[in-house]
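Shared chain: chain A. Partners: chain B in the first complex, chain C in the second.
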Partner chain A sequence: MSRTRIVITGMGAVTGFGFEWPSLWQRMLKGEHCVRPWQPEELSDDSFPVRYAAPVDMQQLPTELAEHPAWHTDLERRTRFGWIAASQAVRDSGLNASALQHAAVLTASGAPQHMLADMRLSLNGDAAPSWQTLFAQRAALHHEGTFRQSNDRLARVIADDFGCCGPVLNISSACAGAAQAIGNALYLLRRGEVQVAVAGGADSVLNLDTLGALYLLGAASSEQRWGADLCRPFDRDRSGLVAGEGGGFLVLETLEHALARGATPYAELLGYGSSLDAYRVTAPEPNGRGAILAMRAALADAQLAPTQIDLVNAHGTSTPLNDATETLAIKQVFAEQQHYQRLRVCANKSQFGHLIAAAGAPELICSALSCRDDRIPPTVNLQHPGEDCDLDYCANQAVDQPVHYALSNSFGFGGLNTALVVGKYVEARL
Partner chain B sequence: MSPATSAIAISGAGCVLATGWGSAALWQAAQQAQSGISALDSPLLHSRKIPTYGQISAATHQRSLADLAPNLRRYSTPAVVWGVSALQQALNEAQLEPANSPLRFGLYCSQGGYTHPALDAYHELLRECRQAHGLDAVQLSRRVLRDNALNPFLVLTSLSNGLPGVASLNLQLQGECNAFMQGVSGNLAALRTACEALQAGRVDVALVLAAGSELDPLALAKLAHGGAISHNGNAHYQPFDANAQGAIGGDGAVALVLRRQADLPAGPHVTLDALDGHADFARLPLPQAPDVLWCSSRAQPNDDRALCASLRRIAPKQISASQGLTGCLSGAPSLVDVLLARRSLEAQCVPAICGLEQPVANDLPLARQRSTPAVLRRAAVLNRDSNGFSACYHLTYHPLSA
Partner chain C sequence: MTQPAPRAVYLQASSLLNAAGNSVDALFGPAPTPSPLAFANQITAFHVETPALERRLYDRKIQRSVEDQGLRLLDCVARLAPAVQALPSAPERLALCAALPEVDAPSPCWDAIAALGENPDALLASLFNNTPPLHALTLLNSSVMSYVAEALACHGPMAGYCAQESAAFDALYEAWQLLREDRADSALVISSSPNLTPAVYLREEAQPPLTPLGEGAAALLLSQQPSADAWQISVQHCVRAYCPVGADALAIAQERLTACLSQAHLQLSDLALVVADPSDPLLQALLPGCRLHSSRSHTGDLGASSPLTDIAYACAHPSHTAAQQARYVLLCSHSRQGHLGLLLLHLSPQEAHA
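For the complex of A and B:
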């Protein structure tokens, strides 16, 4: 019996490039990036060691989005970006309210934003921080701050806004989060639990708390010599991740449901795989074992041979360890007929930064668009590939070539790995 | 039997709760209706408004640490330590060693409160960086980022996916994974995803793990402010009691090992059947006349009376509740009830509701005073989250099934 086909019929992305995916895609194909000088708003002395990021530029907010309730509700940045991206995706899909009534919502949204602000409430003049002081000021605790209630807030606002009464799931898998949300949506749809799912993620680490933590982990680059061209996946001079912020959401439907309402799919979601490294908390297994397992699981789920893949949209964080290990893993997975020599690899993070928990969603959007348009956005700032980075990374210039199938990687701290496979939409799949 | 139609059996369980280390300690406490809730003991917390808590004792924590590789302890919050220990217990009962097994393992986690870095980790720095009208962020930033004034492992212990990360490292798990963070519905999501992976044949063993801790001033203040726990000096958790004073928080972890029943040797099995959830309790599919119902209670008499109206429609033969034993868990609210439902089916016994003295409804079979032997074939678990989400699980006892 043939398997239920799942297609992408709506997309929304909020990144440093703006608030919609068409401009994101156009600017990416031109080889632009949106990394620029940045300092956290909590600090006034320009002392934060991480000097560059890819923030969302609110000056670019289109007039038609200015009245969206996301901006007029007391929410964290990540929740606002995610809500906007989901709204864009739903609008893009053309789904009406009744079709959304039974839809599932699956999200990922990283770390809470108000930890330090809440901690301040424990201070009382010259006295030591205390529970009594904090409790006396409990009404001032940020209602979105600190707890899991805020972690699954994005899922709830989306479900509430669109009246979705299907399963509502919130994933917490670090940088693999959004990809896992999309993968779980694929399973829900295939099983027939729902006909429509809104899946993706949003995150903002551009604050003192979280980007400070990433810096302390040694993950975020504090390098200054490249200026805004700091994010250099697979380059010999890569020095760490460059954080972005924003969100991405996709509307996924069974093909039958999409065709019945006259929708035109952007692409078909074909496979999902996940794995655990079981190696170290902050470093990938040096032989790429976990990444290999995830990619192979996704290919098996998609019922595709490695030689059928045209593009790998790499996790490509611009960290020394990830990019070398991922290259090694890709060469292992695509070893048959030395397919890795013909394979194209791109790293979207070079253009809009690392969206952390949300990263997998806008990157899957780009992979889907590559399949639709037969165009691959470049890996920018790649001047001198590292010695351990010897694949075709589409350096600095978009590549025009047929893309039938693309695989998108997302790997998270803690050794959680995810891969998704997307394909060009064709009416009949053999 | 094809994977798609396999029933899912619970082949192992473990827990670290206020009742102690292990499911035997939990079951003993349940049978004796002996609460694990005790006076709140914390160097940062001295409150007459929240005097008690379902806290993990130092001895239980130490016992749990023994299950975690020494090199991983510095990365692990207490909740992660408990989770790893609960998982090890569950694997022991199931007689499985992932590192030496040809079976394919999947790990499905549900994480509770997001309270790290906890306030006590910043305590000294906050004191140092305070100023007349709050916090000197510049000084705090300088001390943290330049002077490394924080514990260097604090950031790693703050990772929101620490539970699957550390558990997979400790047990060398390399299979598929999922990590949810959403209270009762997170427990449901982890269980459903695990069952689905088994039924689809993607894994042979599904490890479901839930853990959480709220024992932090910020967390408790938020929970009290939101009404999830009482802050009226209440010292006893009294589910379904007419004189109850509200909920009391609790910490802990629960793990289950799930297998396809068809893959297990012949013997008595408890299977997990229907797993349902809904944001609207009125629309949640409810079981009909289970032999025993484990039902969560907020220990607010009016709320419990309203719940009892629904329970009458279910017509359970007996009703019990776990919160009086453990407190209200953020991380594993449903899994602890699933664990107890399984034990009650295996033992053919219904424990009394710990803390219940004066029932809010005399016409319902709320289990009181002592454990009661009973012929039990079907059990159900009914949980409601403080955000309104409800979940329901059905379990069946197969005494002689293969």
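For the complex of A and C:
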């Protein structure tokens, strides 16, 4: 029995670059980034140590999106971005309501919001904070906060909006979340459980609670000497992640279903692999074992040899540990014929920041577009590659070259690793 | 590009923790009584004392840095360790599929909140000076997955889900498929109920729980190898759907039920046991004339850990004791939000395979 082919027929992205993927792609190819000065809305005195981020700029909201119910419903910020991105993807795919009825929805939705503000309701005079106090004041809880909004709200909002009655899944695997959602969708389509899936993720950690926690953990950069050029994957002066926010969604279909309705695929989704570091919760396994396992599993699933890959869209967080370990892992996976010397590597996070649970979705969109257009967006702010970063990272300038197959990495906190393989769409695949 | 024939998937072992105890037999004994919540006397729930972790398996720092819901799960997983270690799986062939609810308010927050109460104008100082550096770890479900993976040397494929009641069903589904497709030899499926904070009562206030909520955890070990137990239990089929109230929920559910049973050429009347929440109106309508069994009277509604608890309950049900023939068991999971999961298990006496 031949394997069912799965294609990408719709894409939607909300990032610091705006609310649609064509402008994201154009600006990325020009070498722009959307990191800028930022501070949590709870503070007004510049005391927060993390000074830069890549927030979604609501001033750029197109008029035609202003009336979308996402902006007029009690929802967390992450859910709004995800709903918009999913709506864009569905519209982009041209699918009608009847085709969506049996579709699956798979989302990764990240950090809870308004937690700190809500928790302050647990205070009552000099008494210790308590749930009892908070519960008594429940009417005052933020309607867009974690006490009112469950983590899977995004998945249900999308399913309800489009009338999907296939499986509706909410993924939780930290920064590997959206990639797992897309990978699970690939499997689900191949297994014949559905013919159409809407998969991706959304997140926003740009608040005092969550970014504060990432800072305390030592993951978020508080460096200031580079200004907004702070996100520097693979550079010797990289100093930590720079958070972005937003969402990305893809419409995935069986090729048969897509062709039957006259759709033109952007690219073909070919493989998915995952693994666990089983090492330490706060650091990647130093030899890249987990990353290697995930990449090899994705290549095996795609039925491709490492030498067939033209591009690795790296996890590339701009943290000292990740970038070195990922480089090491890439060199191991692509060791045959020293293919790593010919391989191009890029890090989209240098341009729109780290979208945390959602990261894998817009990054896969970029990989799919690289395959479609034979263009690779640059890794910006890479001036002096680190000693342990010795691959071709497409520094600062987009690269035009044929991209038949691309591999996209997403590694989650705690050693949860994923890799996706996407390929140029061709009518007949041998 | 071809697909190999699917592999058989067997249940090797299970481990539970809930108000009835940590043994599956306790689910068939006297039912515990729910007690009032500390923060809302009018609401009762099934509580579990937070366990002390097995020191030989877990670093002692974990006890302090993991939320109660995670500790319950880690305790539960520890009891599966001997079964995992007895399997011949290489670490990269052992998968981990997890259903872990989001932590709505991490414990380290309390100190920061208390400090804020004393000095409301020093927001950042109160927060940073009273939050442990590893605070972020308590927020993340992936931390608990990481601890399980490290303790059991689990390097294989992974999947994490967080969708209230249906998450465990999704984790089980993925584990089943990973084994069927030979992406792994064995798979741990782990799940935990959420901490009983105000959030679990406020998020879905429009749809209150049908039964008292409970604290607990459940874990299963699936394998391509049959177990040496008296009964060999294999996963025959698994079906999922989303049918929220107001949509054609019953029609969708009926269509999925037919699809599930037809895989084994069965009708409802052929089933030896149906495990489903008897208080769920959709399941009552879906399964007319069936006696619905459930462990909920002993555990409460365990949310994400309900499905795996019910699987262990179904497999140990006393009605199998006198049976001589292979039999089918159906498990139905329906979340308040509308997720439907149907699982068909095949139980066959060991002699049949001799």
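The criterion applied here is as follows: the second predicted complex is superposed on the first by the 415 of 430 C-alpha atoms of A that agree within 3 Å, B and C clash if a C-alpha of one lies under 4 Å from a C-alpha of the other, contacts with A are read in each partner's own complex, and residues count from 1 in each chain.
Here, a contact is a pair of C-beta atoms (placed from the backbone, for glycine too) under 8 Å apart; a residue touches a chain by one contact, two chains touch by 3 or more.
Source: prediction; values computed, not measured.
Novice: Consider chain A as the common anchor and indicate whether chain B and chain C clash or fit when overlaid.
Specialist: clash
Novice: Using the touch definition from the top, say if A:S239 reaches chain B (first), chain C (second), both or neither.
Specialist: In the superposition, A:S239 contacts neither chain B nor chain C.
Novice: Looking at A:S44 after the superposition, I want to know if it touches chain B, chain C, both of them or none. Which is it: first, second, both, neither?
Specialist: The answer is first: A:S44 touches chain B but not chain C.
Novice: Which partner chains sit in contact with A:A139 here, chain B, chain C, both or neither? Use first/second/both/neither.
Specialist: first
Novice: Between chain B and chain C, whom does A:L293 touch in the aligned arrangement: first, second, both, or neither?
Specialist: After superposition on chain A, A:L293 lies in contact with both partners, chain B and chain C.
Novice: Now for A:G166: first (chain B), second (chain C), both, or neither, which partner does it touch?
Specialist: second
Novice: After the superposition on A, what does A:S367 contact: first (chain B), second (chain C), both or neither?
Specialist: neither
Novice: For A:T9, using the defined touch cut-off, is the partner it touches chain B, chain C, both, or neither? Pick first, second, both or neither.
Specialist: neither
Novice: Taking the superposition as given, does A:S275 touch the first partner, chain B, the second, chain C, both, or neither?
Specialist: Both partners.
Novice: Residue by residue on chain A, keep only those touching chain B in one complex and chain C in the other, then list them.
Specialist: Residues 42-43, 47-48, 111-112, 115-116, 118-120, 122-123, 126, 128-132, 134-135, 138, 141, 146-152, 155-156, 159, 165, 167-174, 180, 184, 187, 191, 208, 212-213, 216-217, 273-282, 289-290, 293, 297, 412-416, which sit in both footprints.
Novice: Along chain A, where are the residues that touch chain C in the complex?
Specialist: Residues 1-3, 42-43, 47-48, 105, 111-112, 115-116, 118-120, 122-123, 126, 128-132, 134-135, 138, 141, 146-152, 155-156, 159-160, 163-174, 176-177, 180, 184, 187, 191, 193, 208, 210, 212-214, 216-219, 273-282, 289-290, 293, 297, 303, 412-417, 429 of chain A touch chain C in their complex.
Novice: Could you please specify the touching residues of chain A with respect to chain B in the complex?
Specialist: Residue list for chain A touching chain B: 42-45, 47-49, 110-112, 115-116, 118-120, 122-123, 125-126, 128-132, 134-135, 138-139, 141, 146-152, 155-156, 159, 165, 167-174, 180, 184, 187, 191, 208, 212-213, 215-217, 273-282, 289-290, 293, 297, 412-416.
Novice: Which residues of chain C touch chain A once you look at their complex with the stated criterion?
Specialist: Listed in rising order, the residues of chain C that touch chain A are 1-3, 38-40, 91-92, 96, 98, 100-102, 104-105, 109-110, 112-114, 116-117, 123-124, 127-128, 131-137, 139-143, 145-147, 149-150, 152-164, 166-167, 170, 174, 177, 183, 197-199, 201-204, 240-244, 247, 252, 337-339.
Novice: Write out the stretch or stretches of chain B touching chain A in their complex.
Specialist: Residue positions touching the partner: 44-47, 49, 75, 107, 111-115, 117, 119, 122-123, 126-127, 130, 132, 134-135, 137-138, 140-142, 144-146, 148, 150, 152, 155-156, 158-162, 164-166, 168-169, 171-183, 185-186, 189, 193, 196, 200, 217-222, 224-226, 231, 277, 279, 330, 387.
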